[in-house]
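One chain, chain A, appears in both complexes that follow, with chain B as partner in the first and chain C in the second.
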Partner chain A sequence: MSSSSATLAPPVAGPGRVRQFLVTPIGAQLTAIVVFIILWQLVTVIAPRVPGPVSVAQFLWVEISGGSHGGVVTGEFWEHFAHTLRHFSLGLLIGFVPGLLIGVLIGSSRIAQALLNDTVLVLLTLPAFVWAFLTTMWFGVSWQAPVLTVAFASFPFVTINVAQGVRSITPELKNMSRAFDVPRRRQFRHLTLAAVTGYVFAGLRFAIIIGWNGILLSEWFAGQDGVGFRTRYWFDANRYRGFVGWVIVFIVFIIVLDRLILNRLQRRAFRWRDPVETDADQVKLEQVGG
Partner chain B sequence: MTDAIAEVTPDREDLKLAQRRSAAGSRRRRYLAVGAGWVGFILLWWAASALVGSEARLPSPPRVLEEIRGILAEDFWNQFWASIVRVFAGFVAAIVIGTPLGFLMGRSRYWGNFLQAPVVVAGSIPGLTYAVLAFVIFGISFWGPVMAVGLISMPYVAINVAEGVHGVNKGLVDMSRAYGRSERQVFKHVVVPSVLPFIFAGVRLSFSLAWKVGTLTEVFGSSKGIGFQIRRNFQLFNMPAVIAWVLLFIVFMLLLERLVLVRMERRLFRWRQWEHDR
Partner chain C sequence: MNMARVDIQNLKKVFPAPQKGGDPVVAIEDISLEVDGNVFVSVVGPSGCGKSTLLNILSGVETPSSGTVSVKEGDRPARLGYVFQDARLLPWRTVMDNMLYVRDDDGKTAQSSAERYLEMVGLNHTGEMFPGQLSGGMQQRVGIARAFSVEPDLLLMDEPFSHLDAITARSLRDHLQVLWTATRKTVLFVTHDVVEAVQLSDRIIVLAPGGRIFDDIAIDLEHPRRAADPKVATLQAEILGRFEEMHPSGTANLENLV
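So, the complex of A and B:
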């Protein structure tokens, strides 16, 4: 980060090692988490209907271990989670492959760009819940609705990112390697692939974030299984701790997948580039808005 | 192509003319291709609708157009206005909360680290969460979408403001101090003008996402607005009306983005443009 950012950092007072640890980046982040949980607990004191962290943790334990929620309702975590994951990955695949192909087309040909760009823009503007509604109206409560919601919602994000990647291949480098008779295979490996991989990853990340929201919505509105369905199940039953528990599950899932796995992979794919530009957040923030 | 022309006619005026002509030619070709893209899109849709053979499942373009006309004649502006007011009120909330957070994150490394995780988490939460949360807290109300839009845009504003604070020209600040300007003056005339466009950039980047989540919130808890209309027609299984409302949503969102936001952006970044021109 910038050199000017230390100006207001609280001075490390006192000899305690704990104190010193608390001002490190990890210490600060841990403090943030603890403060959040304390605030959450405080809210439950003021508004007793809001489920507190302990009761949500208890709920999640019962749900995951398959225990009894009281009465005949038992925990069904893995069934729903696996169900959603299956549909999610199938939908991603269906959205990603055409997105990749059309992205390459748009990136490499000006005519294709002029022809297809507006259509992709329109698709980009469509909220995911619209796909959830449309696919439900087309296919009813079925496996197609969530799968196609993911596919339709993620497709345009893959396309624009891949197109941008193909466009980012520098013509100078290409001309030079041609002039120096670099074999085609090496050109492809070190020029085309190197330039495009990072963007494909960025596209995949969008596809995953957007698709995850899409599948939750689709299952919420018209599902009989899955994470979205189960979240709604507890919501409709007025059992807010179940609702909050599942919300935490699907948020943690997407953050772990996106931040801890994909972000790292993307950084690796972009590692040859200027470190300032490798910041995946930058890519993300630019893209969602566009 | 222009290179060849340049060799035969070294005269600058001629060259400019030729360049302009060829640019106009390629622009015309581009427009043609863009037009062809739209025509192709509509024909494809029409063909698909004919293939499905049911207006209730996949209505044809004329059927949807008829529906759009009906909506525009009826109470579109009312509904649209309701949505816009909420979305922009949400942006105001995002700016009010996000700007101080951004300043804090930009000025202090400790607070930057402290707030990083919450801001990142807030940015990756699926829109469904915000929509349901807003519904739980406010019920069917004006404030639900405002809160959802505010929450979804706030991280973008905060991150951009932090970026803007990092980018404040340190030389300029030092010089102003050297010439005896007060901290307040420095803040008002150096820091604010350089951070202001970043606040706006945050709104602009989150615009499309915020508009979508605002609409989703209307789906859950609202008795007005575009999202509410889409949901109502979904429940009535009125496919032409759903598609008509969705198309209107897209058209007006793109118009707003292009006409209002891009213009505002140009205005706010004017001082930078001026710097560039010199």
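So, the complex of A and C:
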């Protein structure tokens, strides 16, 4: 009877249920957020110049809904956000396409690797703010500066990852394909493309995270619009709740993008490398004597 | 039933000297060999006797320096299947997709045929799994099923069990025998293990260092053969004894040869 005692136990009362929820992964994540907000509120008590969570939330509501911040200044969230997204996508594209091509080159040719690998490594170590400074010096206040900052910052991450993917296509697998007379088109699809896909997503994910940092800095220095520009606008206006509000927007956007899309895409493309072993798989393995 | 006719006459293969000013390397001195019909033939010999070179010439990866080689089914070139030392599966494709990757056709027929061959090596239910989820022995079983599933006229196997532990290798030999007894392909099986060759083959070609045929032994026993079968064990002992007679200096020499 002892084995069934768990199911025979009386339904858990209110407080017990809360406790059970708190130890689930989602419960723990929510707890962390709540604790952070409480700590944030406590900090504002000690340091009154730090804007509290409530005043930041009020600011964001006005900014997003297009309400009045007082005087002639109105909320302009969507204009700036869309502006940044456009520049960000363009910069990412400009960094991604050459990154992909040069990655394939480095991965498949030893000479290309010897020639280009060090350069890509140097680019990899350069922080995004260096590109933000350089492009501002080259182009001044312009649309080119943020776009190229994203392109330069993301390019080496795509290159390195794609090169690694191409290198995972071993001579043994190529020989096997030739020995079985596998048609070239099928080789390209199932050997080359399939090998590289996961690495492309991994590279893209890093590129997006790094590029997103770069665009904030670049718009801060050289933007006339955009998330970075608006963050600086409130900073210069001594309105710190505006500054903190935009920083939160910036962080939340990249976290949501990563959690909901990028991380999932990468996990899916790398299913073969890090398979989640399900109970069903385990049963199958036992059936075939693994 | 498809079967191949292998005809090798005065085959010689010399590789250029690995270093400037060195001597060219003679991999195969002079081999003449005919294999005809639904037979399992093993090629046994020590490292460097030209076993792999012979297989590479048959598969067209290498060309002969002189002599002739033909592998035919009737009047047309024979369709070849391969089993390598390691499984050589695409890690990013499922077991089923790996099976279909090497086939001429696709669709329902190909799928059910692939399933049938997986079942013969005891791997039904693994079609949707990735190679990384399988053990080394299971991966090699997929490799064997894949080679049989292209319905080859001639199957070339290059020491397919040499990377596996003894117990797994023994179980894979049993799977191979089940498959072979059911399909009776012409097989050319390269190995350095005489005991394995006796259990599997109808005929054993022994190569000597330098690339000549040292002996050609017929094994007349029913298939499939169990390793523990006294008849198999007796024959294995007898053939090992023959090697010792050829090399009277004893086991050290035998190990060098076999």
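Heads up, the rule we're going with is that the second predicted complex is superposed on the first by the 259 of 290 C-alpha atoms of A that agree within 3 Å, B and C clash if a C-alpha of one lies under 4 Å from a C-alpha of the other, contacts with A are read in each partner's own complex, and residues count from 1 in each chain.
Everything below uses one rule, namely that contacts are C-beta pairs under 8 Å (C-beta built on N, C-alpha and C of every residue); 3 or more make two chains touch, one makes a residue touch a chain.
Just so you know, these numbers come straight off a predicted model, no measurement behind them.
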| item | value |
| --- | --- |
| Touched partner set for A:271, first chain B, second chain C, both or neither | second |
| Touched partner set for A:45, first chain B, second chain C, both or neither | neither |
| Touching partner for A:191 - first (chain B), second (chain C), both, neither | second |
| Touching partner for A:217 - first (chain B), second (chain C), both, neither | first |
| When both partners are placed on the shared chain, which of chain B and chain C touches more of chain A | B |
| Contacts of A:172 with chain B and chain C, given as first, second, both or neither | second |
| Partner chain(s) touched by A:182 [first = chain B, second = chain C, both, neither] | second |
| Chain B versus chain C as contact partner of A:228, first or second or both or neither | first |
| Touched partner set for A:114, first chain B, second chain C, both or neither | first |
| Shared chain A surface residues [contacts with chain B and with chain C] | 281, 285, 288-290 |
| Residues on chain A engaged by chain C in the complex (per definition of touch) | 172-173, 175-177, 179-180, 182, 186, 190-191, 194-195, 197-198, 271-273, 275, 277, 281, 284-285, 287-290 |
| Residues of chain B touching chain A in the complex | 30, 33-34, 36-38, 40-41, 57-58, 106-118, 120-121, 124-129, 132, 136, 156, 159-160, 166, 170, 204-209, 212, 215-216, 219, 230-231, 234, 237, 239, 242-243, 246, 249-250, 253-254 |
| For the chain C and chain A complex, residues of the former touching the latter | 59, 61, 80-82, 84, 86, 88, 90-93, 97, 101-102, 122-126, 129-135, 138, 150 |
| Contact set on chain A toward chain B in their complex | 1-2, 4-10, 23-25, 28-29, 31-33, 36, 110-111, 114-119, 121-122, 124-130, 133-134, 136-138, 209, 212-213, 216-217, 220, 228, 235, 240, 243, 247, 250-251, 254-255, 258-259, 281, 285-286, 288-290 |
